[in-house]
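The data blocks that follow each hold one structure.
After this come two complexes, each holding subunit A, first together with subunit B and then together with subunit C.
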Partner chain A sequence: MSVLAEVVTVALNGLQQGAIYVLVAIGLSIILGTLKFVNFAHGALYLIGTYAGLLITLEINVTDGKLADWGYTPIGLEWGFLPALVIVPSVVFAVGLLMERFVARPFYDRPDTDQILLTFGLAIVVQEVFKILFGGQSYNFARPGWASGQVDLPIVGTFPEWRLYIIGITAAVVVLVYGLIEYTDFGLVVRAGTRDAEMVELLGIKLSRPYLMVFGVGAALAGVAGVVGGPLYAVNPNIGTEILVPSFLVVVIGGVGSITGAVLGGILIGETLAILVAVAPQWSQVGIYVLAAIVLLARPQGLLGVEEVTP
Partner chain B sequence: MSDEPTETADAAEDTGTVVERAERQLPSWERVRESELFVVAATTVAVALFPWLFARAPVVSGVLQGYQDLATLILIWGIFAMGFNLLLGYTGLLSFGHAAFWGGAAYAAGVFSANVSSSPILVILAGTAFAALSAWVLGFVSLRRGGIYFAILTLAFGQMAYYMALSPLAGITGGENGFTGVELGKLFGVFELRYPVPGLDWLVGTWKYVLVGGIAVLCVAAANRILHSPYGMVFRAIRENEQRAEFVGLNVWRYKLMAFVISGTFAGIAGSLFTIYSAYVPLSSFYWTTSGEVVIMAVLGGVGSLFGPIVGAGVYLYVENIVSGVQQLTLPFTGPAEYLTLVEEPVVILDGFGAYWHLILGLVFVAVVVLFPRGIWGLFEDVGSALRRLGGGR
Partner chain C sequence: MARGENIDVSRRDVVKMAGASGLVGLSGVAGSASAQENPPIGNFPIQGNPTFGFTVPQSGPYSSEGQDELRAYRLAVEHLNNGGGWVDNWSDLTGNGVLGNQVEFVSGDTATDADTARQTARRMIQRDRAIMLSGGSSSAVAIAIQELCQREKVQYMCCLTHSNDTTGKSCVRYSFREMFNAYMSAQALVPPVTQEYGNDNNFYQLYADYTWGQTVQSSMSRFFGEAGWSELNSVATPLGTKDFSSYLSQVPRDRTDVLFLNHYGLDGANSLSQARDMGLDQDMEIIVPLYNRPMAQAAGGAIEGVFGTVAWDSQIDNPPSNQFTSAFNEKYSRVPSGPAQLAYAQTLQYAAAVERAGTFYPPEVIRQLEGYNYNNIGMGEETMRACDHQAQRAVPVVKGLPEGEQQQGQFFEIVNVTPRSKLGYACDEGPAGECELGPYE
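Presenting the complex of A and B:
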């Protein structure tokens, strides 16, 4: 393989890695930026998305956990991947709405440490519920049949087709969300709320509806990430917390509340991981934290973040 | 102008009277309870009685027999949670990266014991020093952003420590297998740690417990001293209103960094003791669930009080080690199956109860955050003051 081909392959791998982080991080970022609510349970939403996707796309065989005790060993709907890509985000969107109304809203006025503690506790509860239902073991989330092959790319040669789909789906979703935030009236209110919520309220715009929607959209994005990212890793109850930490790094690197920032941060982290895996694998995980430290020392508000308006 | 000195004198006199009056009104019991000597003495007595009450006293039933080691572990985690609470409860900073100091100290202590000296005291000092140093570095980076960012950054750098130990430093740390080469010598060159204390083994058990208990008392004394000093007052001022503390001319960033280093040092002491306790350092001591556990302990027990987190550590470890072994939740509670059954046919409420312990703990944690921000200790205090009111006191 030529050097060029190798470089492009690594770049594509990085893009695909980053894509999942971008999907999770955008949700985190807009919720944190707009609602000033820090959601440690965002990984739990990803977890819900993955398991829901798993249930819809194929029949899974449960061998331990409560479901097996109750006699439901093979479960699943075998509807395929595309319905999952529509149904799962809708379901997680609804979960997000419930979360905003019953979890986040009563805590907007409490100190942010309380918000973190609450969502952290919730994340544990969700994780444990899944562990009880499905057991602790890992499931294999198969790629959809139409995308499981290899594809011939000009410079690279063969490349797994599914990875290209991940990049494509993520790009489409990001464009959609970007359009929603940048070019609609709803987005205008959200952006204004991110900059200075008090001023928006003073202008006579009630923020509770947009807040509800932001939380729902953010959650739905985590759901999409769960379905799209599911086939990449083995599915077990710990994946929610495993995705949470790098996604938070993406938010912090990119700048809170900025969608372009989340995309940039996600790509940076994805590429760093891919390059280090190719060059010095044992440093790959450490590298992203070093990257985060460097960015923060140079630019505490994140690459594309704005200085917050102090209340 | 001429009456100004008189005024000052008056003011001074006034303050004097106010203080005196306040002291006179304070019931003597409360004054005693506040005093440092009492806190240390009470802690010493409690620590000395704890393993006996916990594991050997006839009143506690057979359920707890053989849990001497759990008593030691509770004290170790108690030190960890107490140090964590200096940061969360008193300075208002929520760190999710304290596993880095606990684990870092544990590894440093282990490596030190294998390569330099196996004297327990020196091992503890080495581990603690390493933790304090890394707390200074991590605090320096993490404290660049306040509030939520601080929590996220400490979480991130804690994970970084985990991955460092897992792979690039695997040559030193043993990677996934953990560090197995811990060597432990005699305490002060005389007492073998795993031997029972002659004449007192019915009360405190082994020398290991004496060492851990002694250090726990020292830690309580140190934390109590810090919190009641002007320095500790500044921590509380920062928690209450950071901006105001800044305006009166305090260098808030410096105080926060010091609070972080102090709590990292406590975590280091606890981590080193853990190495001595288990003679092995698992890689999981670096994983962020360790940070999560200490967060749960502190919040469960009650932040903002000296002893709350220690109680929280006790409850957490008790549930983790004993309740999780209970197969069936029955009425009346009968404990693990192999121990005596009080009733012939107890009513089974929940089968496979042990498997749910984490879920139940999570739910209790959420409930505490929502309903009792001051935790179990706060509940104790409320009940205590209610009783005193009933008894006709203030």
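Presenting the complex of A and C:
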């Protein structure tokens, strides 16, 4: 492989790995930036998205857990991927609304530690519920038939088609969310609320509805990530916890509340992983934490984060 | 002389036991009787019923394997206490507990992590006073627990551990292994694989970066090297890696004939599926040296045509195998996996050794297992070798079935059950050459 081909391949791999983190991190970041709510249960929303996607897309054979005990061994709708891409975010959006109303709202004025404890506990509960229902076993989430092959890219050569779709879907979702936040009245209120919530309220705008929506949108993004990322890895109840840590790193690196920051952070983490695997594999896991530490030392608010207005 | 010493020890112990029984009240009759003959060691003499401790991964990359092991352990205890399964035709077992005591058990999560596993095992030894521990998988976990068991003088019956080091340089007197190792997997794979793919190939390896993966990598290098193949490169990947695409894209497609994915459990399912996603199977052959059922299930159609070895498979057709499959199926309505068979076999092996010894006194139980010949667990004639506590046994070589032909519990076709005469190594060579078992007491 020529040097150029190697560089481009690594870059593309990094972009693809970063894309899933971006999808999860944007939701995490806008919820944290706008609502000042530390949502450790965001990974659980990803988990719900993946299992919901699995059930809508395919029929799976459950051999473990309560569902199997109750006699529901083959379950799933076999509706295919595109319906899942619409239905799953809607379902997780609704879950997000419920979560904002009954979990997050009573805790907005409580310290971060309370929020972390609450949401972390909630994440474990969700994970265990899935384990009870579906068993702890791993399921194979097949890629959609229309994207299961490989494409021949110039320079790079063969590349898995589904991974290109992931980059494409992520880009589309990012543009959509960016448009929503930057160019709509709703986005204006949200952005103002991010900067100075008290001032917005003083202007007579009730923030509880935009807050509800922000939580819902953030959750729906985790749902999208779950469906899109599902076919990359074997699916089991631990995937929510596993995606949470790198996604938080993305938020920290990019800057809380910034969509472009989340994109930049995600790409940086994906590329760091891919480059380290190519040159020094044993450092690949440590590398992303070193990156986060360097960014935090140089720019505590993250690369594109803004310093908050302190009352 | 030796006899005299024995009598001397036993007399002292009678006095000791008399004092002890005054303090702890009435303990189990069998416990006190054997204690009169043997000095206390580890958790011997047992107080009340014997407790077995099962250390299985219930989280982490090997959690699916752990769940199936736990089912088998439960079944083993049930059969030991009430009869059923193999217990009915093992002459050493009665179906009325072990030495007339009903067996109890505790189970704990190792989280596929050596430190967590050590804590779990320590709790079982100190708080639950387990007389025997058994579990897996992850060789790093097994080695950590067996070291602890040697120190605490509690017996450990390894379940799923495939690293050469378990009965090689890290071997201990208090641990026994029914599972074969990476060395034997490589020996078993060479003949069918070279026959299928030829004698002149370039191979590339990705391996999990801990004791198991390292010994699989070195064993494959050695035996396929000896068979005439050339190794292009070996790359270590951290345990628990989810996305292998960056590693896989480093594999030179134009020069590699065979790719070894030395990953297990969830890692193996992910790396194999991702290799297929990238179309590597169109340019080269793929081999997964150690497979199992939960892993094949998670990998789906990606296992098609991929060679590997398994601990045991329900398709192996002989009376003990069939009997285990039907007992497991009856209890759980599912086909047992290789790790489940290992778990069940190891528990019964220990119980049978206790019965033969007539005591739970660990050094005596160990001597009963050392050099023991058996043919009752479905893998043909076997010997639990005394020099390294490694079972000398046959190794099944399998090939993955296409997705359309996979049914519940059946994911492989058995290519060959390589007999033990074609495998293994002498006590002074290979991994056994590095083994020093340590003291009985």
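In this section, the second predicted complex is superposed on the first by the 311 of 311 C-alpha atoms of A that agree within 3 Å, B and C clash if a C-alpha of one lies under 4 Å from a C-alpha of the other, contacts with A are read in each partner's own complex, and residues count from 1 in each chain.
We adopt the following convention: a residue touches a chain if its C-beta (ideal position, glycine included) is under 8 Å from a C-beta of that chain, and two chains touch if they have at least 3 such contacts.
In this text the structure is predicted, and so the values were computed from the model without any measurement.
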{"item": "Touched partner set for A:T260, first subunit B, second subunit C, both or neither", "value": "neither"}
{"item": "Which of subunit B and subunit C A:I116 touches, first, second, both or neither", "value": "first"}
{"item": "First (subunit B), second (subunit C), both or neither touched by A:A293", "value": "first"}
{"item": "Subunit B versus subunit C as contact partner of A:V10, first or second or both or neither", "value": "second"}
{"item": "Subunit B versus subunit C as contact partner of A:Q282, first or second or both or neither", "value": "both"}
{"item": "Overlap of subunit C and subunit B interfaces on subunit A (superposed complexes)", "value": "282, 285"}
{"item": "Subunit A-facing residues of subunit C, complex", "value": "58-60, 63-64, 66-67, 209, 235-238, 242-243, 245-247, 249-250, 252-253, 266, 269-270, 273-274, 277-279, 294, 297-302, 334, 408"}
{"item": "Of subunit B, residues touching subunit A in the complex", "value": "88, 92, 94, 96, 141, 144-145, 147-149, 151-153, 155-157, 159-160, 163-164, 166-168, 170, 288, 292, 295-296, 299, 355-356, 358-359, 361-363, 365-366, 369-370, 373"}
{"item": "List of subunit A residues in touch with subunit B within their complex", "value": "32, 38, 111-118, 120-122, 124-125, 128-129, 131-132, 241, 245, 248-249, 251-252, 282-283, 285-286, 289-290, 292-293, 296-297, 300"}
{"item": "Contact set on subunit A toward subunit C in their complex", "value": "1, 9-10, 13-14, 16-17, 61, 63-64, 135-140, 142-143, 149-150, 157-160, 162-163, 232-234, 236, 238, 242, 273-274, 277-278, 281-282, 284-285"}
